[in-house]
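Structures for review follow.
In the two complexes below, chain A is the common chain; its partner is chain B in one and chain C in the other.
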Partner chain A sequence: MKRVYPNKDVCIGCHICELACITAHSQSKDLILAYTVERGQNGVSSCKHVYENGPTCVALSCRHCDEPACVAACISGALQKDPETGRTVYNREKCVGCWSCLMACPYGAIARHPLEQKIVKCDLCFDRPGGPACVAACPNKALKQEER
Partner chain B sequence: MTYVIIGNGVASIGAIEGIRRHDPKGQIVIIGAEDTAAYGRPLISYLLAGKIGPERLALRGADYYAKNGVELKLGTSAAKVDTVQKTVTTDKGETIKYDRLLIATGGVPFVPPIPGVKGADIYSFTTLAHAQTLIELSSKIKRAVVIGGGLIGLKAAESLHDRGVSVTIVELAPRILSGGFDEKAGKLAANRLKKVGIEVNCGVTAKEIQRDQDGHVKGVLLTDGRFLETDVVVVAIGVVPHSALAKEAGIKVERGIIVDGKLMTSAKDVYAAGDVAQAIDMLSGEHRVVPIWPNAYNQGYASGRNMAGAKQPYMGGLPMNSISFYGLPTISVGTVNPPEGDKNFEIFAQLDEAKEIYRKLVFRDEKLVGYVLVGDIDKGGMYTAFIKFAMPLAGEAKDKLINAGPEVFLWPAELFDETWNPEPAQAAR
Partner chain C sequence: MLFQPINRNYHDFTIVRDKDLCINCKVCVRQCSYEAHYWDETRQKVMADNAKCVGCHRCEALCPTSAILIQKKHSDFKDNALWRPEFIKYIYKQADTGGVLLTGMGSPVNIPIYWDKLLLDASQVTNPSIDPLREPMELKTFLGCKPDKLEFSKTKDGSPKLKTKLAPQIELNYPIMFSAMSFGSINFNLHIAMARAATELGICYNTGEGGLHKSLYKYGKNTIVQVASGRFGVHRDFLNAGVGIEIKVGQGAKPGIGGHLPGVKINEMVSQTRMIPLGSDAISPAPHHDIYSIEDLHQLIFALKEASEYRVPVSVKIAAVHNVAAIASGIVRAGADIVAIDGIRGGTGAAPGMIRDNVGIPIELALASVDQRLRDEGIRNRASIVAAGGTRCSADVVKAIALGADACYIATSALIAVGCTLCAKCYTGKCPWGIATNDARLAKRQNPEVAAQKMVNLVRAWGHEIEEMLGGMGLNSIESLRGNRDKLRAVGMTDTEMDILGVKHAGR
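Up next is the complex of A and B:
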């Protein structure tokens, strides 16, 4: 499957991927509205996080592991592996907010939703024409989606 | 190839997914004693609390078994396993031939021999049926005593309280959650429960359950002489491996069913997984029964792929629990209570009682081997990484972990690259 691979050697730490992620997961699909209104109102937040260490930066999110620890830990069946697409899919309706996935994922790729007993996790922008918004927005091609 | 799986919990779901990863065609037959498809067992406390309805219990979609070519025999128990003829006989008299067998029968509630414990008004809390019974009961009773201050007991107490029942917890150990938590974490959780009106008694246990002339429970006499009047008693001391079937088949059983690195039992082509299995533990290297959810799925998955011939060993279990008490989230992973006075371990703990925030890190040989988080749990998984990947943490890296928390730049460069930006040849995982 095609995954998103971050390259820390060319990441410039601009956080544009985070903004693109928020926009893609907003209702308005508008950056300014998503950031100024929806972030507070419905807690839309980025699945991607930029980490910095001095001059080095990297933008990380769910790796869609082949054998995900989050799926093993999920008590509600909200997290499952889709055998056809390879994605690690999250069903928000089933989630009870027990945070077992957050504990089990060694990649820190699962966050608590700021307002609800739900999680925030990368869905690879599966329903977005053109693929993941973070990859499309990255100005220095530090994020690539490809088969490896 | 016919795979027969005895038990229909999360280990069986793991097994189906492990088998299907490597064998899309073989026949899978599941024998399940309960009469529902696999459900999220820990969700029974959410159901009892009224937080979710029964429609949210199923672990997988309605078409899951059909899609995966699984034949379900529900409401059916395995009565006998013949490891020579390679057959399982059910309680309905059917004999099923297997090529590979998985015993994933889970655990059964442990009920200690307290005088008066046998009879009416005594309940367990480990199955959907138990939850349904307690839901019906909750409108008719006023008081409940829960024996056991572990995860099951506390969740039973919380859920019954949410149903309007006045609940008292009795725990033999000096603190609740003595297994996965330490004194400070246990106290923060206990305070939350006390604040909502659940009574928590530690350092005492039930000496006798007293009954009236009709045989109904009157109350519980405690070891410290107090008498707690109650309508029902929920016994939630823990679960013990449901291993009788394996024992009778001549399979090697200690505390649980002994399994090797591929989760095969002492009988050829018979595997075991989940709460019934005594499998290898990642940190100690010993074989232990650690009845927790993620281990059950992972063991199921690893046994599944090995039954299907993949020859990939089980990586070992890691104790972990994530659980919230009235909105106070807690996580406990790995070795969190090292033997007292053992100089091989180093502990760093910070408590902010007013904010209900606690963090404890346990190191051994310059590696993180355990942690507890209460309140602020957001970096949980990032700590788990250091344990799971046994990352060396000497000098500055350890100081940073202690002072600033876990972050990905503390990882060894090679692991970082393999994980996040691998060469195409290494990317298969």
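Up next is the complex of A and C:
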């Protein structure tokens, strides 16, 4: 399947992917409203986080593993592997907020929702026409969605 | 501001932030390597220190909400035709530091730009123009010594065979090359990008005086290696790595002085390639200490030809200065296969501002006088001429070729293609666009893949435009334009200028 791969050699640590992610997952789809209003009101937050160590930066999000530890750990069946698309799908309705997946994920790619007893996880912008927002926004082509 | 010299507030730019658009996301804070933007913990918002802004526009370009506007500071000294603001600021700065005014990039001062006063011809009625989209158009260029005449012998079956032994040539698909920018002055990412772009385009890039990193030897077929007065990174393998060797005698931005690479830019990789200690300043001597005459130059040219077993042409690069025509004649007679001339508007990574803005002559005049002199002396075929310094667009290339150049070196244009905004602070090593810096954090801003593509696109685009202009003039080969000054007309020039350029005034 096509996954989003970060390239740490050219990731410049600008965090624009995070802004794109917040916007793509907001109701308004408007960066200014998403960041200044919705972030506080309904807790929209980025599924992707840029980690830095010295000059090295890398933007990490769910890797949609072939054998996801989070799915195995999920006690409510909220996390499932979609056999067709290969995505690791999150069903918000089923999630009980037990944080089992958070602890199971070896990449630290799942975060707690800031306001609710839910998680925040990359959905590969499956319903966005141009593909993942982070990939489209990266100013240095450090994020690529491709088959590897 | 408190605790600062009082002239600190005579800065050049003002950062204007639109309050309705700014979301305090700190992208600008992370992008500005001069720390002009900062996060104010007390006010909980992004603030700016205008005095630190160099006008590179990186923040403006990356601001996701377009909230930032970089403007010239609207504070004027009292009008004075003599004491213009730049001179006042220079004096304030030097009164504080006691140092030479350093700068980067090509000269921004108002020296006449003859490209703008030259107009091209086009065919009408009596001679047909050519459509390059439908008919073949030749841009292929060969650089090197051409024979005085061709001799043929007959083979057994009676067909002719070339008897004349041809000198080595550099073959280019476009009459354009990437000019010398040393590894160190620009970083490795851009060196790979240039090498890849040159390979894809079938042209050459020049290593500059900083040697060639081992990993780039594989791009040798599209590389010209440079030997300058500092001899940084010069050894046998290096001399044999490319398809041409260039002796750099002078540089248009700083005629009469050698290269300057501040120690902060010498990292591990640069130090290895240049064969100098880590962190040491790389200051090239002003002259080559083994060249004090044309005879000495002759010796060096042939030493390099020996070292490379006469496989590659040797170029000599000089800055355009007063007696450039006589100097070029000497260079050709000394055995150079290519003469590269760098005009006063040529770029640099670091040069004293006074020298950059006041020493040398415009490339247009230098090029025309060199071409004419070599023709008059009957030695024009013995060397190709490459024009450098301030080639901004494809029309400049066409005009340079009509004035007598075989090819143009471009460097500033190539850097602008990858983001450079000519803020002219290359010498600080903090280039926010990741170009003139070896800081790992900043150098990453140039993704070699993206940069190579942009350079390729630029040269391809120019190639299309050159073909269009050639076709319009009724020519189907760049060779037919070389030194064809009849295709040029001058507007608003004096008789002396037209005489030097060898062109008629428009209307004649």
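Of note:
Following the convention adopted for this analysis, the second predicted complex is superposed on the first by the 148 of 148 C-alpha atoms of A that agree within 3 Å, B and C clash if a C-alpha of one lies under 4 Å from a C-alpha of the other, contacts with A are read in each partner's own complex, and residues count from 1 in each chain.
In this text, a residue touches a chain if its C-beta (ideal position, glycine included) is under 8 Å from a C-beta of that chain, and two chains touch if they have at least 3 such contacts.
All values derive from a computational prediction rather than experimental measurement.
Once chain A is used to superpose the two complexes, chain B occupies space next to chain C without a clash.
When the two structures are aligned on the shared chain, A:14 is found in touch with chain C, with no touch to chain B. When the two structures are aligned on the shared chain, A:32 is found in touch with chain C, with no touch to chain B. In the overlay built on the shared chain, the residue A:58 is in contact with chain B alone; chain C does not reach it. For chain A, the partner that touches more of its residues is B, with chain B and chain C as the two candidates. Once the two complexes are overlaid on the shared chain, A:140 sits against chain C while remaining clear of chain B. When both complexes are overlaid on chain A, the residue A:6 reaches chain B alone and has no touch with chain C. In the superposed model, A:67 lies in contact with chain B only, and not with chain C.
Superposition on the common chain places the nearest Cα atoms of chain B and chain C 15 Å from each other. Interface residues of chain B facing chain A in the complex, by the touch rule stated above, are 14, 17, 20, 40-43, 46, 51-52, 56, 58-60, 293-294, 297-298, 301, 320, 322-324, 329, 331, 333, 377-382, 384-385, 388-389, 406-409, 416, 419-424, 427-429.
For chain A in complex with chain C, the residues that touch the partner chain are 9-16, 19-20, 31-32, 35-36, 54-55, 57, 137, 139-142. Chain A meets chain B in the complex at residues 3, 5-8, 51, 53, 56, 58, 60, 63, 65-67, 69, 71-73, 75-77, 80-81, 83, 93-94, 96-112, 148. Considering their complex, residues 21, 23, 25-27, 30-31, 62, 64-65, 434, 439-441, 444-445, 447, 449-450 of chain C touch chain A.
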